[in-house]
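By letter and in written order, the chains are A, B, C and D; residue numbering begins at 1 in each of them.
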């Protein structure tokens, strides 16, 4: 069993990770940490999540400076489900020791240092780590992930978007001039577990936000290798993302070309389902699947593809675990085929 | 036109009041205040509530000590949609001047001073005002409300509960020994407009709370004139309350007795609907109605009655306005028959 | 008072019409009809909609052949909130008499007869009426609507989409080659009041449908005057539509050009709100507003505009009433500024 | 592996059963049947439930008379997730052969034959089977279930209610005169998978139904051994039941007595959680737990206890599987501790 810790275990993604690790056959969930000043410190996870009563009664240990410096020695695998700035600041103390680090924040996802000041609101001071970090798009970057010491686990919207777009781009089916248009709706859990007026029950109602300026836009573009328009929305549901993507295809592209591109990429991947009808968010909520379905208008050359995921699982904790499976030599889907809620 | 101010206009009930007053034929909505330290100060109401864009672009004036002392002179009618403690502390400066005060808080609803320390968490220091305040149960206390200078507008749960129970109690149909059991479910807006983990979208799910200790229990009991069991629940919807009330009736009570009691109480009241089927919350949301329906098992002597209201309207702002209508000599339902959302 | 009937009053749009007409100062709601075989025949509207108990206790009269033939003589204004085929089949008996007809179905919205076989599933046999019918886009086609005897009231998605796109198209700001991409999410009431597995509570979850083949696509394209990509979605809420539209602009278009186009089109229109933030669906639900907000990336030339409406009001019953206001010489917004739910 | 069939596998409970059986270590899911005339016949389960795409692609075999007569020979375990009347009519052909039958319908839950005409709308013609059927309240009737050939799996509301009330009744803590008052709210999936106006998305809103006449009232009363008041409600969520139960206790009952009663009944039962706070429905949705929490007012002698379950799992499919575990000598919770959605 591989000794494992989660830092930031009180949040929605951290708690999902804890639940999956607690029954994973190869990783041993040793310790759950929260930041030292957290009001959840020293509570148990099941006090925060009544759902886990009797199942995950782990204490939430406040992480002080001393412990932080020892994490890399004490564990073989550390998941950071922490704010971007915390991951950024703590990473130099973590990497380069025994532990492999899976970072669920955005702090190491993009190679271009300048993006952070503009989209994340902080200056990035770890150019070396930015360079060595591997982008954990687990259905694509398997080889690199298997060698990585620091994996930057992708964001939720990029996971849904890239899974749909990369097969088309790699097969060179997309029109060169027109940018793919990604419209995505996320459940409120994407905003994290916190008191905020924006995510209070009475204030939530379908709405666009972060238009033409969301931090996931450069993440998608840089890992796809071309520009896109990305418009996120907040929806009135708890979990899941549905991304609806409209693309202009190259002249002469036929439905069979699209089908072939997706099958080549995913036919043998148990976590990606090429569906026979338009996926609903509820059909993937609580799972680690990506569900894809598409339609092509061969006359006008427009393709619409929708991609549905659970934002906390495939879009965060589940993909982090998939990366850990790869890194430690297990089957990618180990512990990921069971449903969660 | 009667010159009117709202203090605490940024909250859900205050904003509903503003919307109703803005189109009321007799009250002139002059000024909206928020507490001096509010982060909403100097914004417009429509910045907080996009729904009111172009309709209610009133500024939210921060209320300082100076203005507080002048409110009673400056307006003929002042609504307080403020926290209990604020109403308690400010009231001596407000009453006894020109303005009639409608207090939507709980600070003056119960005659027994001792209740406040136990159920509200503060000591009450205004015994004189407690004595003169009139409980604004607008379908019952019309005569007193017409004379009042300070009206304590009832809570949302007590409004739903008392409207259902008072006709039975006044007609002496209830068994003397067994306490009526009130189970009620409220929409999340009952918790007010604020950032709080409890009312964040992902945390809300049907749940009991405040069991055998909620502050509305003594309010219901004292204004009904007998003890009750009251169990509130939080429901996963925005507005409305459904109270389901189970009573043991006196021996020999027949369905026609119950029918007669309700008809005597409400047959001519346009705001109370004696329904022909079990009311749904959505059927009263956005309205000032109380919808009642009941069934009696004559064999066992048990009655079940459900009472549905909009918690922000009939349960707060609407009843406050109904009290104001009565106090200034207008028809009780003036400006209250139109729907709101 | 203008004598008015509604045919198809038991459905969601028909019932909304009834509620608005019942308090309209100029139209007299005389009779509510349902089709002869309807299981709702001879019930009252408030039996179907508990919300209207005591308010709209009108009977639902079954419409037989005899009455159908007399409608055009008996009323000055007839609203058809009926299925497409019913409107198509009945129209010849209705028009050309005294009554002005407002048809909420899609049967007369598109001039091209061939569209009906392909998108509506029936052959259109009324080429003459197709030619004379006026498309009731009430904020644009005022002059024609004022003269019309048969108004084809626009669909819900086209209303949201055209209101956003027409100012850009008329001001010639849109790139000629790239098609605007419309992604829209509708509440479930858009599917109508009926028993259907697709719209049953447990089956509803955000999902695309009718992709690259929905009947509202030719409606939008033909009344805009250029092609578009239109992808509708079903959302897990009752009312409202949010359309998110992504457009490539002509080279050199600046934000001020977009602003000017919208202001020229709508600055004096009380029913269209040029917002200062991204509209939420709840902010227009129960109203007759169209709320618009947009952002332009001047560097890449992409514009994202969102348009929010209530699908049953501005997207159906409210716009029908707006057309009737115009047709009978009243102010366009008469009776439409009050909220409904 | 024990050869197992499900009859009625297309419904919500049947599909949950299929999902649990498909990964159960001891039962082999052999065949899924639907009734011969079902429109789902010959589809795969995953066509109906996109959630199961790639996971449960079993065909739904139409069950004709011939197959029905052979079921009892062909399988060792048959689950009936069928309408009450179907279970009633088919049972004589099923029992008395090789197969153990778990009936999820209400057809064999109550010993008193007369109840069926009054509460179920059909005359019961199987008095012999009624007598031998064992009520599958799996946390109480273990010994009988282990010997049974026909198990009548309890209803959802009775499961939630009896789990909360039986420890109090068995410990003789309940006042003899006053009837416990059960108020329960169920998610819409309780109404089954079907097209019905009542359960269509736009019509659902919190509402009482079946008041003082629901078929689960005699089921609860007869298996508790005393009368109760039971008031069910439909809530605006998909899954789960929250039952809030108010009881008058015998004079002198103390909190420690209540605690002792629950601990004696359930302390070693992994499927029943004695919680430390009021359970939310979401905390049990997708699980096989019953979550209990209570508060006693020692002064007045009133106890409020809430009981939360997933209506489709613990309230139907999960309890059926728990009974099967017992019947075949496995641990009661085998295959039931994993979450589902």
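Keep in mind that, in the parts below, contacts are C-beta pairs under 8 Å (C-beta built on N, C-alpha and C of every residue); 3 or more make two chains touch, one makes a residue touch a chain.
Chain identities (UniProt): A, B, C, D = N-acetyl-gamma-glutamyl-phosphate reductase.
Please read these numbers as outputs of a predicted model, since none were measured by experiment.
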Most distant chain from chain D, judged by the mean position of its C-alpha atoms: C
Chain pair, B-D or C-D, that carries the greater number of C-beta contacts: B-D
Between chain D and chain A, distance of the C-alpha-averaged centres to the nearest whole Å: 37
Distance from the mean Cα position of chain D to that of chain C, given in whole angstrom: 45
Mean-CA-position distance for chain D and chain B (Å): 40
Multi-chain contact sites of chain C, meaning residues that touch two or more partners: 236, 279-280, 282-283
Chain A-touching residues of chain C, taken from the complex the two chains share: 178-179, 181, 183, 185, 205-209, 211-212, 227, 229, 231, 233, 235-237, 240, 242, 244, 246, 248, 278-283, 295-297, 300, 302, 304, 306
Residues on chain D engaged by chain A in the complex (per definition of touch): 23, 47, 49-51, 53-54, 270, 273, 275-277, 279-280, 282-287, 291, 338-341
Interface residues, chain A side, partner chain B - complex: 12, 187-189, 193-197, 199-204, 236, 238
